[in-house]
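In the two assemblies presented below, chain A is common to both, partnered first by chain B and then by chain C.
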Partner chain A sequence: MLKSRWTFLTLTALAACVIWGNYFFSLWPSLAKSLKNTLVFAGAFGLGVGIYRMTRQHTKFIQSRKENQWIYSILFLGTYFLILILGLLPPLTRNETFLWFYYNVGLPIDATMGAIVAFFYIQGAARGFKIRSTDSAILAVSSIIMIMRNAPIGAMIWGGFPIIGDWILSVPTTGTFRGIIIGTGIGLIAMVIRTIMGKERSFYGRDN
Partner chain B sequence: MSTQSKISDFLKDKIQIVNIVFILTIVLPILYPISMPIPISKEVRDAYEYVDALPDGTLAIYSVHLSASIWPEIGPPFTAVLNHIIEKDIKIVFISDAAQGPALIERGIELIGGKSKLGEYGEDWVLLGYLPGAFEVSLATFMEDSSIYSKDYYGNLVSELPLMSKLPAGKDADVFLGNVGGISTLEPVVRQAGPYLPIVVCGISSSGYSLSMPYYEAGSLVGVVPPGSGGAAYEYMSGKPGLAMQTQVTLSFPNLFMVLVIILTNMSFLLKKVRGGT
Partner chain C sequence: MIVYGCVFIKIDIIKVFIICGKLYIRSIGKLIVAIKTMSEKVIDLIFFVLISGIIISALTKWVKFPKAKPIPVTNALRDIVGRCTEMGRSIFTDPGRWAGMSGSRAMAGFAGLSILSHVAHLCAEVDCKFVLVTQNAAALPLITEAIESRYLEYPSSKPPEIRFLPGVSGNPYENVFISMVEREKAGAVISIGPVGTSVGLRVGGISRTDAMSVMGTDRVDLVALMAVCCDYIVIGEEMFALGALLGGEEALLSSIGAQDIIKALIIGLILLGLILVNLGVPFTL
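Here is the complex of A and B:
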């Protein structure tokens, strides 16, 4: 019965009715609040499932001595559980050692990974940003104007960069994204209606 | 293989030369700072003037989406606005939709001079922390009922914090300050907080900045402080130079170099086409 398609559909429809009823007609406030809180618990539960899956996967790599992988799996699991245990020591997530690792190891590594993206940008510009058509020409010119609009040196080089850049942001960008946002919203409504009616089956593991 | 031949092999790939020059455009302005004029755009000015006009005693919800990877973008505007707010008697309730948010909020508070600058904890400011799950749902619930947080980030019962007695629901605040990562965190803020409170975006990633313009132009956002020069402009207007002004010069030369690379790439491509090459 739990794997039955009708179980999923019934639960989905009931949950939607409770939330919609609460939002539009202020019905069942405590039940709606409980449902919303359940999502918070589901998120935390999902985290636990993720930890289990990651541990199982990397333990398999270590047991099978997978080439070019098993040493990194040992390093990964060791670091993973060290930080997890430190974070669970009282006071939770505010343990001094945990915070030291976060500020002095985790944060610089995370910021470095973000900063590496800049090199991908510059290499992409050097290799691939070639004007082959009218559309790519418009893209290149507007990109240059926006880059110079955002950089303080742009206004020093030519006062027109901020003016034209502001126009590009206010008019074509805003108009285009308004259309995309409206289209996305309509698509989302259609998806919700399909889910409620049972026509959207991908969320419980079956293809449409 | 000798060192010289290794270097010459390395430099045969022109991309490596581009990378080296790019690194120099970042490092040299840091070592030899140059002062530059700071452009102040309308959305930054609107954000500053709105926050500046907030009366004493205003209760603000400050939703902070910070993670280590976007701290360089959003951290400076966050500290810029916080530095402005501490001049005024504004009560702040911090919430976060990122697991790393609370730790980075504390870091930002340390950068502006420490927790004492915000006033007394529980009376003048509260750090509620992070809730797992979909941000859209947790924010929607918070706006209707703030008891979704039973404890704050420091383990205190929320019901025992005097400031939270003034905030039975998020919609009872006076203003919503959002420090958002991108469109995926901006849209929940506009949808869930927008119907109740004026929203000032006090920091947004560069990818989300242009996507925030439709909401700003439509009036859903009072103002937007973009990364880089936006944070610097805010610090300039508030008269408190900080992180953003220090880093905004380092944006100029890498950006200029990128523009030069695009132009040179296309000149080379055009020349090859004219000469009949591929």
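Here is the complex of A and C:
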């Protein structure tokens, strides 16, 4: 019975009605809050599934001695479970060793990664500047104008850069943003309705 | 004398028009003031009911709306899967970095997953290797169900790989994603869903490889970079519609057609606002 599509759809429709009732008419506040909390529990359960799946996959890599992978898998699983256990030691997430690892290993690695990838961002942006089509030409020209608008030297080179830059920001950009946001909002509502009516089924698996 | 009479009549008619116009504008102005005094939620409710009503009437076929035309990426997905199968390469996918299971961004994640579920089905049909990489723990059971259930009808196909990368930071995730794409020489990358600014790294990385790229997001500020670097893009509402377009059911296509009618109504409202503002009536809600 639980596998039936109709059970799923009825539950979805009921949950939607509760949330809408709460938003529009301030009805059932405690029920709506409980439903929102359920999402947090579902997320926590999902994390458990994720850890299991990840561990199983890397264990397979280690067992099969997958080339260029199994050593990294050992390193990954070792580090992951070490941090996980340290985080669970009392006082929870405030354990001294855990915090030492966090501040002296995790944060510097994260900062280093951020510093390194900055160059790749620039590379990505530079690829965007390559004029291969009308789209990229428009992007390149407008980007150059915006760079010149923001850089102090831009106004010194030509006084028109700030004026054109302001116009790009306030007219085409705002107009386009609003157009896409309105379209997205309508699409979002339409998808919700399709889901509740059981017409949009692809994101929860094959048709039951 | 007659000429003078006609001129007077003309002037009178013009005066009447002006008076009627002013009265009309005043009444619209009063209506707008009345709307302004209404709670914001009441206006939300009116629009929600209106939009939902139109969509429901399309889905239940009460009203016939023009069917939506396919967008380029609809046919491209099948071609991409075919290309990867012929080349013996895998397809890397990502439903985006969701910030949870609720909110509009989560719905964008569901939309992305809906499209990737179709791609998984295409891969299962032709035995093409399908890899899904995700950082979203909360939606992992849903992702697993949506993808793996597509393979139930094709037990002899290569099973899909769902790779979970724990962490919250965007940059390391993008780095790992790109390195996997490069190392495993992926034939295509399909990344549709709620992505963050770190996706700039991915866009740059993918354009270094020979993988075909299909990307889409609900974030408007990231669309420009995708538009110039990717082979196909899915912008904003297309993302929500593509799952339905790929499904191909008549009611679904009609519901997308109905969205165009709603957009036309909104354009009408915008034009009305433009006219009223220029006539001196404030139209801001």
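The definition used in the following text is that the second predicted complex is superposed on the first by the 171 of 208 C-alpha atoms of A that agree within 3 Å, B and C clash if a C-alpha of one lies under 4 Å from a C-alpha of the other, contacts with A are read in each partner's own complex, and residues count from 1 in each chain.
Rule of thumb we're sticking to: a residue touches a chain if its C-beta (ideal position, glycine included) is under 8 Å from a C-beta of that chain, and two chains touch if they have at least 3 such contacts.
Please read all numbers here as calculations on a predicted model, not as lab measurements.
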After superposition on the shared chain, which partner residues are touched by A:A16: those of chain B (first), chain C (second), both, or neither?
neither
Pick one for A:L139: touches chain B only (first), chain C only (second), both, or neither.
second
First (chain B), second (chain C), both or neither: which does A:I83 touch?
neither
Please work out whether A:P162 is in contact with chain B alone, chain C alone, both, or neither, and reply first, second, both or neither.
first
Just checking: does A:L39 make contact with chain B only, chain C only, both, or neither of them? Give me first, second, both or neither.
both
Where does A:L31 make contact in the superposed view: on chain B (first), on chain C (second), on both, or on neither?
neither
Applying the document's definition of touch, where does A:L47 land relative to chain B and chain C: first, second, both, or neither?
both
Looking at A:Y121, would you say it contacts chain B, chain C, both, or neither? Reply first, second, both or neither.
both
Have a look at where A:G183 lands relative to chain B and chain C in the superposition and call it first, second, both or neither.
second
So the chain A residues that chain B and chain C both touch are 36, 39, 42-43, 47, 110, 113-114, 121, 123, 125, 127, 130, 177, 181
Contact footprint of chain B on chain A as seen in their complex:
33, 36-37, 39-44, 47, 91-94, 99, 102-103, 106-111, 113-115, 118-119, 121-123, 125-127, 129-131, 140, 143-144, 146-156, 162, 166, 169-170, 173-174, 177-178, 181
Complex contacts: residues of chain C adjacent to chain A
41, 44-45, 48, 51-52, 55-56, 59, 100-102, 104, 107-108, 110-111, 113-115, 117-118, 136-142, 144-146, 148-150, 152-153, 161-164, 166, 169, 171-172, 174-175, 183, 200-201, 203-205, 207, 218, 220, 223-225, 227-229, 235-241, 243-244, 246-247, 249, 251-252, 255-256, 258-259, 262-263, 266
In the complex, the residues of chain B that touch chain A are 14-15, 18-19, 22, 36-39, 41-42, 67-72, 100, 102-104, 107, 131-134, 137-138, 140-141, 144-145, 148, 153-155, 206, 210-211, 213-214, 217-218, 226, 228-229, 232, 248-249, 251-259, 261-263, 265-266, 269-270
Chain A - residues contacting chain C, complex:
23-24, 36, 39, 42-43, 45-47, 49-51, 53-54, 57, 68, 80, 110, 113-114, 117, 120-121, 123-125, 127-128, 130, 132-133, 135-136, 139, 176-177, 180-184, 186-195, 197, 199-200, 202-206
